[in-house]
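Take a look at the structures listed below.
There are two complexes below, and they share subunit A, which is joined by subunit B in the first and by subunit C in the second.
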Partner chain A sequence: MGDSAYSFSLTTFNRTGKLLQIEYALNAVANGRTSLGICAKDGVVIATDKKLASTLVDTEQVRKVENITDGAGFVYSGVGPDYRVLVRKARKSSQSYYLTYREPQPVSQLVKGTASVMQEYTQSGGVRPFGVSLLVAGTDADGTPRLYQVDPSGAYFGWKATAIGKNYVNAKNFLERRYQEDMELEDAIHTALLTLREGFEGEMTSQNIEVGVVSTTDGVFRRLTPEQIQDYLDEAS
Partner chain B sequence: MADSVFGIEFDGGVIIAADQTNARSILTYQSNLDKVVQLSSHSAMGVAGPNSDLVNFSEYISKNFALYQLSNDGIQLSTAAQANFCRNELAAALRKGPYQVNILLGGYDKKTSSGSLYWMDYLAALTKLKYGAQGYASNFCLSIMDRDYKEGLTQDEAVQIVEKCIQELKVRFLLNQSNFLIKVIDKDGVRVVKFGADPADN
Partner chain C sequence: MSILEYNGAAIIGMAGKNCVGIASDNRLGAQIQTVATDFKKVFSMDDKLYVGLAGLASDVQTMHNLLKFRQNLYELREERSVSPKVFSNLLSSLLYEKRFGPYFIEPVVAGLDEKNEPFLSAMDLIGAPSYHEDFVVSGTATANMLGMCETLYKPDMEPEELFETLSQALLASVDRDSLSGWGAVVHIVTKDGVITRELKGRQD
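Moving on to the complex of A and B:
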């Protein structure tokens, strides 16, 4: 990792015990577009604001919600190119798991592996931490739906519902009020869209958001098509 | 080749049996060896081959499974995943320093409430079977199991078939294998139902 001339870490403690590079990475995340996730009793939904620099950008070509395995997906807030590196690494490592065990990797292990990679970049020579926080949705080995957040430091948390990026404080407050233990997936998708709309600058359409869903009925993670998103938006109006 | 290892699936579990002879050339080192090694709480594998590879490979595999459990909040690998992991290790070592072991891996999965049996050889071939045998024993045992196996056997019926196989080997197999050990793997884990000589005796 890094040039031989950079055998020392760029992430170092300051006097008060902080790793400033990680703090600054978290700032990069907090400046990123909002993402959120909700874990229902029969599935998980993750969604993100895909507002882009100009109306000329082809939104179909931009992918923020990505499949890692058939049963798990990521979304992020922060620096897009850093995210793509993590997606690639996660996909490779879960295929490697499949090669060894001929079974899909449980989402909790996918999270631990990815978090471990992110931590490495805070303690290796010549590299900087990833400027993204991830939200990971999937079902675990026993079929339980799970939502995880992974931070630039490599810390990971299991959540019932959470938001990251711009406006995450308001979004989390909104989620806290709306979340119920026995929520069903359809309600969760509905709530996720309402939460996203709360902090949205301008009009929220099926073209400027992305939604990913995994249900316990089939354990398959899917990005919703713009048509499906439009149906949910029509319901919510 | 000389080690007799065979097994059969029944309704709710798997039986694995093996002879207990540890010998090389004209010398019998030991006649109370346990060749059916426990891998996890609900799985075990019968191993045919030189004692060195038997011990080396089975300890390596079982400790890897223990590590997996410790690293992953107590989650255990399914029997299929365990079998594929073993196969992968055999395949990786094949072109470097092969393990000369032929294996019958059996386990019980809570998820499906059933047992499963996997046949693996030293070339890292792997197949799932209802019943199988390794080595010369297959020449004697497979015909018996072909005739007597049916779906939904009870544990007692399956043990009876295994006993028939043991009797056949004792009568017809040139090599004298006086002691056999039978293990059952079901919802309650791995346990010995019969042995010819107690492996714990020194």
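Moving on to the complex of A and C:
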């Protein structure tokens, strides 16, 4: 980035103290498909709406929920291609961590690192901020389940439950009503699906959503298969 | 003249029952001449984490500072202490980074892990680690130290017996090495704390 003709940042303050590029990036996020996450006492679940432009699109090939380390995964709302860059960088940096320490990177460190990258793109020459907000699910160094949100500005927040993208306000209200401190992972998955269905345009099936889960029993982050998603959907009906 | 033998050192790490000991001699030399008799080569990174650095004295001190730097950053960022295993791997990575212009040290890591089980590792100057359940040695008298440890060591020693064994092994080894000696320092680390003792050996 530094060797281009642009040695100055494109993200600059306006008179009222706002960084408009970041505001606009947040707009791009708010226009993206809904994603949400819930942190239970024995695990974390993240899910997203995978509705695509046409029924002809092969939804199996589209990956929105991605593993970063064995124990942590991302999902996003916003601009897909920007997300893929972040996933790539995060995977590389967590492997680099493992190479130095021979210990898996804790999710809190993963979040700080990714947030730091996103912040750099708001203060470097010739680049624009990433048009995505991320939801990060994983277990921390001591095994506690954690859910984080990372915004285009590089700000990050720990959440008990949250939603981003289109319709996030309604989704968050729904979550506020349904969330309980001692929720178990299975309940959290059900609640996540119910919340996703609330704002869903058309019928929600195992083909047009993606769900990722990490449980404290083994600390491994996994995407649910369409069959597993179908089982949860069947139970919910 | 070998750079690793310029200053002289003798370090032993030894495991006991829920305790670990690490000891070093006190000599700092410039080849044949003794320059100091109180040169510390074993450093406490944490209550239950010790590192012994044998080799070129300049690199011993530099690496100690570098390790402290990295440990501090780790603990600030991760909000937890470094475990012996992670510390050992970090040290290994730091040494290999300088593969083609290495630090002239051969370190020993001794500590108690989260479950208060002994941890011992030793590595060469470019970071090749080896892990042992009984003892590790490093310095200019390794042949002597290995012989003494192999003879005197037995598993599951209590802290007091570990101290005796470690002390005897080190003192006898340095007496046959002109580059190490002038007394010793022995640390015995248990879950309840560390006991550090100075040994007076032959002052030559």
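Note that in this section the second predicted complex is superposed on the first by the 234 of 237 C-alpha atoms of A that agree within 3 Å, B and C clash if a C-alpha of one lies under 4 Å from a C-alpha of the other, contacts with A are read in each partner's own complex, and residues count from 1 in each chain.
Here, a residue touches a chain if its C-beta (ideal position, glycine included) is under 8 Å from a C-beta of that chain, and two chains touch if they have at least 3 such contacts.
Remember, it's a predicted structure, so these values are computed and weren't measured experimentally.
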Clash or fit (per the criteria above) of subunit B with subunit C on subunit A: clash
Which superposed partner A:G78 touches (first subunit B, second subunit C, both, neither): neither
Contacts of A:Q109 with subunit B and subunit C, given as first, second, both or neither: both
First, second, both or neither for A:G138, with subunit B first and subunit C second: neither
Which superposed partner A:G32 touches (first subunit B, second subunit C, both, neither): neither
Touched partner set for A:T100, first subunit B, second subunit C, both or neither: both
Residues on subunit A lying within both footprints (that of subunit B and that of subunit C): 99-103, 106, 108-109, 112, 141-142
Complex interface listing, subunit A residues touching subunit C: 99-103, 106, 108-109, 112, 141-142
Parts of subunit C lying in touch with subunit A, wherever the complex brings them together: 77-80, 83, 85-86, 89-90, 93
Subunit B contact footprint on subunit A (complex, rising order): 99-103, 106, 108-109, 112, 141-142
Residue ranges of subunit B touching subunit A (in the complex, touch as defined): 72-73, 75, 77-78, 80-81, 84-85, 88
